[in-house]
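Scroll down for the structure; my scribbles are underneath it.
Labels for the chains are A, B, C and D, by order of writing; each one numbers its residues from 1.
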Amino acid sequence: MLSGKEVATHNTRESCWIIVHGKVYDVTDFLDDHPGGAKIILKYAGKDATQEYDPIHPPNAITDNLAPEKHLGDVQADTVQKVEIIISDQDKARRQLFEQRPPLQEILNLHDFEAIGRQIMPEKAWAYYSSAADDEITNRENHAAYQRIWFRPRIMRNMTTVDFSSSILGQKTSMPIYISATALGKLGHPDGELNLTRAAAKHGIIQMIPTLASCSFDEIVDAAQPGQTQFLQLYVNKDREITKRIVQHAEKRGVKGLFITVDAPQLGRREKDMRMKFDAESDPSEVSKSGSDKVDRSQGAARAISSFIDPGLQWSDLPWFKSITKMPLILKGVQCWEDAQEAYDQGLAGVVLSNHGGRQLDFARSGVEVLTEVVKHLGEQRGLTFPNEKFQLYVDGGVRRATDVLKAVALGATAVGIGRPFIYAFSSYGAEGVDQALTILRDEFEMNMRLLGAKTIKDVVPAMVDASNIGLHLVSVPSDALYDTNYESLQHAKLRSIDAKGKL
Amino acid sequence: MLSGKEVATHNTRESCWIIVHGKVYDVTDFLDDHPGGAKIILKYAGKDATQEYDPIHPPNAITDNLAPEKHLGDVQADTVQKVEIIISDQDKARRQLFEQRPPLQEILNLHDFEAIGRQIMPEKAWAYYSSAADDEITNRENHAAYQRIWFRPRIMRNMTTVDFSSSILGQKTSMPIYISATALGKLGHPDGELNLTRAAAKHGIIQMIPTLASCSFDEIVDAAQPGQTQFLQLYVNKDREITKRIVQHAEKRGVKGLFITVDAPQLGRREKDMRMKFDAESDPSEVSKSGSDKVDRSQGAARAISSFIDPGLQWSDLPWFKSITKMPLILKGVQCWEDAQEAYDQGLAGVVLSNHGGRQLDFARSGVEVLTEVVKHLGEQRGLTFPNEKFQLYVDGGVRRATDVLKAVALGATAVGIGRPFIYAFSSYGAEGVDQALTILRDEFEMNMRLLGAKTIKDVVPAMVDASNIGLHLVSVPSDALYDTNYESLQHAKLRSIDAKGKL
Amino acid sequence: MLSGKEVATHNTRESCWIIVHGKVYDVTDFLDDHPGGAKIILKYAGKDATQEYDPIHPPNAITDNLAPEKHLGDVQADTVQKVEIIISDQDKARRQLFEQRPPLQEILNLHDFEAIGRQIMPEKAWAYYSSAADDEITNRENHAAYQRIWFRPRIMRNMTTVDFSSSILGQKTSMPIYISATALGKLGHPDGELNLTRAAAKHGIIQMIPTLASCSFDEIVDAAQPGQTQFLQLYVNKDREITKRIVQHAEKRGVKGLFITVDAPQLGRREKDMRMKFDAESDPSEVSKSGSDKVDRSQGAARAISSFIDPGLQWSDLPWFKSITKMPLILKGVQCWEDAQEAYDQGLAGVVLSNHGGRQLDFARSGVEVLTEVVKHLGEQRGLTFPNEKFQLYVDGGVRRATDVLKAVALGATAVGIGRPFIYAFSSYGAEGVDQALTILRDEFEMNMRLLGAKTIKDVVPAMVDASNIGLHLVSVPSDALYDTNYESLQHAKLRSIDAKGKL
Amino acid sequence: MLSGKEVATHNTRESCWIIVHGKVYDVTDFLDDHPGGAKIILKYAGKDATQEYDPIHPPNAITDNLAPEKHLGDVQADTVQKVEIIISDQDKARRQLFEQRPPLQEILNLHDFEAIGRQIMPEKAWAYYSSAADDEITNRENHAAYQRIWFRPRIMRNMTTVDFSSSILGQKTSMPIYISATALGKLGHPDGELNLTRAAAKHGIIQMIPTLASCSFDEIVDAAQPGQTQFLQLYVNKDREITKRIVQHAEKRGVKGLFITVDAPQLGRREKDMRMKFDAESDPSEVSKSGSDKVDRSQGAARAISSFIDPGLQWSDLPWFKSITKMPLILKGVQCWEDAQEAYDQGLAGVVLSNHGGRQLDFARSGVEVLTEVVKHLGEQRGLTFPNEKFQLYVDGGVRRATDVLKAVALGATAVGIGRPFIYAFSSYGAEGVDQALTILRDEFEMNMRLLGAKTIKDVVPAMVDASNIGLHLVSVPSDALYDTNYESLQHAKLRSIDAKGKL
């Protein structure tokens, strides 16, 4: 039993102890391996880090990653100095706005959750979830691409009943969507990813569990209903034994598909998120008049990440994956037909055409655009037709409406992954928010299947969409400011004005 | 003779009586079949619903739809408690603005009616008429599509006189347009659809009577001048006997064409309209802090609608329609060439290429775009040329100028349907507004036929337009906010400033 | 010698006398033939109309158009009641701003004249000059079309001297431009079209004299320097004797080319101009509550115009024109290759590819776009190459920079007409303004010929431009408002804020 | 030793002496040859011009350009009247904002330097650097063009290490970029171009020294580290002996490549820069009421420039260049494949596809667009593939991100020049700013090479980009203002409002 006083003396880079949930850990050697950087840990050196730790780590993160000899044992609770978490004025205001949420029945579409969430969720959560790479062009293109696809609906078919259930990797789903993996769910809501598990159960939807969940993997699996399907998203660790342990544990716990992330040999820079931190943390005393205090940001980050996500992952690693699991293997983050074809040739179960929600390489194309390319070339080169049971195509990114999903399905996708909208839903309303989001999607599917003239998902065929403009990435000629500001816009007829005495 | 007091006791879902125009009806069993939902009826359970009922139902709606045994008889007028209709502050302000309408001669184009109407008509009317499906993309695309079609006018032809009269289904019209069917006209003006009947008579234009008119069918037919042509728009009822009665009655009354709506197996969700209702009705006490009060919106609506509009309508039903009427049959809401061809092959008189004013499936293409596709394919597949007397093509949606109509006519349409602009016209100025709207169109036709170099409608030929860009549905690459905000826009030369004393 | 008192009694539609420049005219029978409508004359019935008459008529308009017997003789000056012209507050403010014009050397480009002019010229003048047809789409497209044409400049050519002089219909010009005909110059400046004559002389530029000038034709010709070239723009009168008189008089006075306007069988409606009139004239007492005061606008206007501009002008009239004059004949307002070819086949000297500055048919294509079509088809069909001495192509509309002109020249135009910019120049600064405008263009030509690598106008060849996108008339898919407003734009690094005491 | 008093008497155009750094010069005959015009010199006639001279001339400019007999000797320092430089309020405010610069670690990308620089650098510097030709369309297109190029990244390649070093003209560089020549560096920072030299040394990047540097050539070369590579940008003087002296001196000092500017036979007009001068200098007393004070701007400028930059430079001059130097020769400012091919045929080492940062010919295409054309045609015509060691292609203009560079490299460029961003970096933070800018680029290269799946620059291949839309220069159809302003945008769900007492 250690005393808080003793722990408090280990408050330097040379000897750094921290307290989490009443236990003391020596993290001195771990500092440079921390994915979030050493700086944030050092802020709590010798102190109780629980409140900061909780929303962004699963409970077992520290025990799984720290050698047993660094677990120094319990601390005497009453000897530990309270760490006061300072809540920014911004976040105080947000907590107040939280009380003003509209009732759920006024949420009419998936956009609405984001509109509410951005106002009421903690600033840090909003910045983390909403940010994307560089100029965030790809992030928005993911949505814009769907606006270049138009429908060719059919009429006079008996639409009394419609059925939009489907299957993914042989598992049933009530709609052709799945909940895509997103990290750090507790930033937005104390129940984190469990919100998704619960709503998915209710709606017969499959949840993909993220490697970087803030609930532990087992918590999430334990929360599932009997028979509820879950998939696992995997960041491959440099230490393949760790990866093997994770994968085989998942398989044993009943996970039905392994989605290996392949678009993140290095985690993207998200400047909106970084900018927010400066705003939040900026300490006037740090301001340099001489401009000399730049830090070499890249070194640290690259090194830290490389211990968690292996930048060396390559095609020749695939046989090893097949040797350790019987789960279907899917690559998540494929972005051109050549790689999709390689995945097919290597006998994988499918690929997710994704750019990681626009958070990795800016100017990567949208998944739905890549979809049209993959369908065309794998048709020509390998004689495949899609959707295809043996080699399934998924897309994610930018989806907000059931019509978006139906466009992708018409073009050959088996299903579509949706991520951020569900985060915004549970950050605003918990599991009930996700439930409502799925209800909205279900309503939209029913409506739009009827209007498209498709009784079942199989009836949603390529001829129902016009995607001929999908590849047009246009930027207008810059405006002629002098001409445009000279132009006086036309005006409508106007109401007569009326003076205070009621005269016109 | 019932007393108001007795009626007032039947104010629950279990026993629900209402008073309309001094008569009592037991609507208990009808509650779940009401297209507008049970909630709104229950608000008037045991009370006088006349004021709420009138603007959105034809007088005979209740008697036609309620079994005779549910007609409970008259109520003693003086025993009925007055129902106070609360007029929102919004609507009070609008009534005041109504007095400030500019004189009609200042209305220069069809846009102007909308500009005035949106300020002065009842909020509920504006929300109902102006709203469209989902993100309202198709709604606006309907207009935008015309901006992608450009003219190739001819010169040096004798344009002393021009004649833009034409015929639709063999019926004369003074211009190649017709008044398209739109529902619930009394929301905007107490005379409802009769405003259209009167102005149509004056201008020699054909009116299409809507199934969901707020005047009764017979009222509208009675209001017609001798020889005035009317068509009927039909929602097909699940109970085909009702449909048969409607159709045969219409034929007997002299209706000259039957336009069967085929793009509404389920009525679209229009979120702008729904949002308005929350704003208007929102009762602070309903606000849920827990977010648990979502309702399953889809169930009720889908069920209710299905009794009025049959989602099971299909191609094999067409022979039955031919068996009950000799009126020419037209499908309204065709959206691809395959269905237009099927309609032709089944011997129909024509199709309306329409997406229901953008109110059904978002991302459906505009009618005028589908027109180019239909003309091309039915030319190739069936050797047809358009306009074609035997199989006529119509389009509707987004039209605001005679030039829009002339573009469609050049591309092969027999005539173009116009809906919302006339609603805004009568909501602002009654029948005189519609008269003025038609006068404006007539002026525009005369002007633009001259400028195009077309003496008659037959001279408006494909070579007079360039529609080569009609199929380009483009969305720009998202903007580069950082670059764009850094760019400092060019400025014009500026006037010298002058100080208060007149010095520069 | 008539007394003012007597004149004042003829103040009705039945007997309408007016005084202009001290003479009395009986205009009773002329009322319905007045191109500007009867209403404006009736406003001055029995009164002195000089001040209203002057800026919009050439001095001889009334004598030329009124039969001699309607010239009633002189009025006693001191017996005429003064007509007070009410100057609107708007125009008073504009007159004050006029004093604040920046010095001419601060005018850097043609846009600047418009920026100044729209603030300081009389409101009526600005409305008349700047307005265009319908939604003014073509008006702006005229400029936008040039932005779709890009340069392919050449380097390493000896550009020590450049020469951009050229010839039009065999007449020398110092630049490949001419001053296009525009009506009613005195609205903007008391010297009207003479401002153009004077500046054109100084710069060796050709002026095209408009039929509807507010100076008389002879005044404008008299103002020319010896050897100065002028062309005549012609509206063909229904009474061909009047036309013959005008044409032969022009030829006798030395005019070197006849540009027959063919795009105006009816003069366009310009709503911005019309709207301005309502604003200016609106009299509260006219406001109709009942909305019943619409007037049938079309009848009057169509009839009045038809006496001045013959809508019956046709190809078969051309031999007659050739029989009355030896001036080269050019059609102004050709808008497709078929009509350009017909003009060539009929042996004309050329055509102006023009849409009348966007003032006639909205959605007519820009002149420069039609140019590419004409060059292509007349090359294929008639073996012509352009620029061509025998059959010359001109374009006008939307030009603001010498680069615009060079684009048209590279594509085959002999020269380019410029209209509005010169009006704005003289409305702001008189003849010196036009002089400055031409100096700016000369500087721009010198600069841009050097940068293009073209020593002379002949060296400005098709390979110097990329016009492959000229025919793309694109309208973006309507915006997704819900998505776009949810997106939080990226922010730059920000300056530290500093408090009042200078602390960060 | 001259007295200040005597100098002061030579203050006219007829006899104009000025003092610079304590020495007196007779510049009377030089007035008309001054590239910046005579006016600015005359402002200092008879006075000490040092403060105005310093930031825009290298120290040796006056001695190099003025004949020895015009060097009149020293002036007695204490007899010279102080010239008070009036600092505008604008610039005072900017100096204050300078203190509020954020620390360098908050600068996350190259855009940020511009965002800070435009607020804190002297107004004149900002206007000079940021301005471009005419409507600045090409200036912005340079950036926009990169947004039309999208990536096709590859996955599952071992990205543990990436190497983005490369070579330019046989010289090593740590990244495929170089610092492009830009003039007048001291306007932004007292150390001028030396800031670039220092940062380039630290990062192993090549600096291109500008002819119009405000440091002297030797100062810049002296500041280089041993082994540091520098190139020279050359404006060719009409007096070829001067050019020969410059070139041979550069070669002797170790310069490794000669970039001859060929896109400036006349220096472009930059209106934003000119406008700024009017604002700054405008003296109320100069305002002309009559508008008669225009000056003939072109004469002076054209004549002055022609003595410094020879507009007569042509292909036949190239053998002479080869005869005077062994440095590799590159043409900077090539803008079509024909000229690139000519350069190849003449045996040059390469070309820079550039439009001078949009400062010369507006509507010249972007370098990266021309690149695709050059690669295509020189492949077809000369069998070349790119990047090519023997004939190297460079592009510059509009680059802000490493991804922009990687796009150009994928398309065949050997390297990309970056200019303005580095100016903004040193204007805001001196050499450390440039260091930080290069660090940011290095981080971005590392990240994006990994995400692209390219281990080395050679792995950045054409198949990694989709540039199929590069040639689309689109301008939308002008907006329909009446329709658009009538459209009422969709709204999100809203937070409940809460009153002062906390009630909803």
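Here, a residue touches a chain if its C-beta (ideal position, glycine included) is under 8 Å from a C-beta of that chain, and two chains touch if they have at least 3 such contacts.
From a predicted model like this one, the values you see are computed outputs, not experimental measurements.
> Hey, which pair has more contacts between C-betas, B-C or B-D?
Between the two chain pairs, B-C has more contacting C-beta pairs.
> I'd like the angle of the rotation relating chain A and chain D after CA superposition, in degrees, nearest 5.
Angle of rotation between the two copies: 90 degrees.
> By CA centroid distance, what chain is farthest from chain A?
Checked the centroid distances; the maximum from chain A is C.
> I want to confirm something about chain C and chain D. Since they are copies of the same sequence, is their interface symmetric in residue numbering (over half shared, so same) or not (under half, so different)?
The interface of chain C with chain D is built from mostly unshared positions.
> Determine the centre-to-centre distance between chain B and chain C, using the mean Cα coordinates as centres, and give it in whole Å.
Those two chain centres are 41 Å apart.
> Compute the distance, rounded to whole Å, between the mean C-alpha positions of chain B and chain D.
58
> Name the residues of chain A that each touch 2 or more other chains.
99, 101-102, 106-109, 111-112, 115, 135-137, 140, 147-148, 271, 275, 287, 472-477, 480-483, 485-486, 490, 492-493, 496, 504 - these are the residues of chain A that touch more than one other chain.
> Looking at the complex, which residues from chain D come into contact with chain B?
Going by the criterion above, the answer is residues 109, 111-112, 114-115, 118, 130, 135-136, 140, 143, 147-148, 271-272, 275, 284, 287, 400, 477, 480, 482-483, 485-488, 490-491, 493, 496, 503-504.
> Show me the residue ranges of chain C that touch chain D in the complex, using the header's touch definition.
On the chain C side, the touching residues are 99, 101-109, 135-137, 139-141, 144-145, 147-160, 401, 403, 407, 428-430, 432-433, 435-436, 439, 442-444, 446-448, 450-452, 463, 466, 468-469, 472-476, 481-482, 485-486, 492-498, 504.
> Which stretch or stretches of chain B touch chain A in the complex?
Residues of chain B touching chain A: 97, 99-102, 106-108, 111-112, 115-116, 119-120, 134-135, 137, 262-263, 265-266, 268-269, 271, 274-275, 278, 286-289, 291-298, 302, 306, 310-315, 317, 331, 333-336, 338-339, 342, 360-365, 471-478, 480-483, 489-490, 492.
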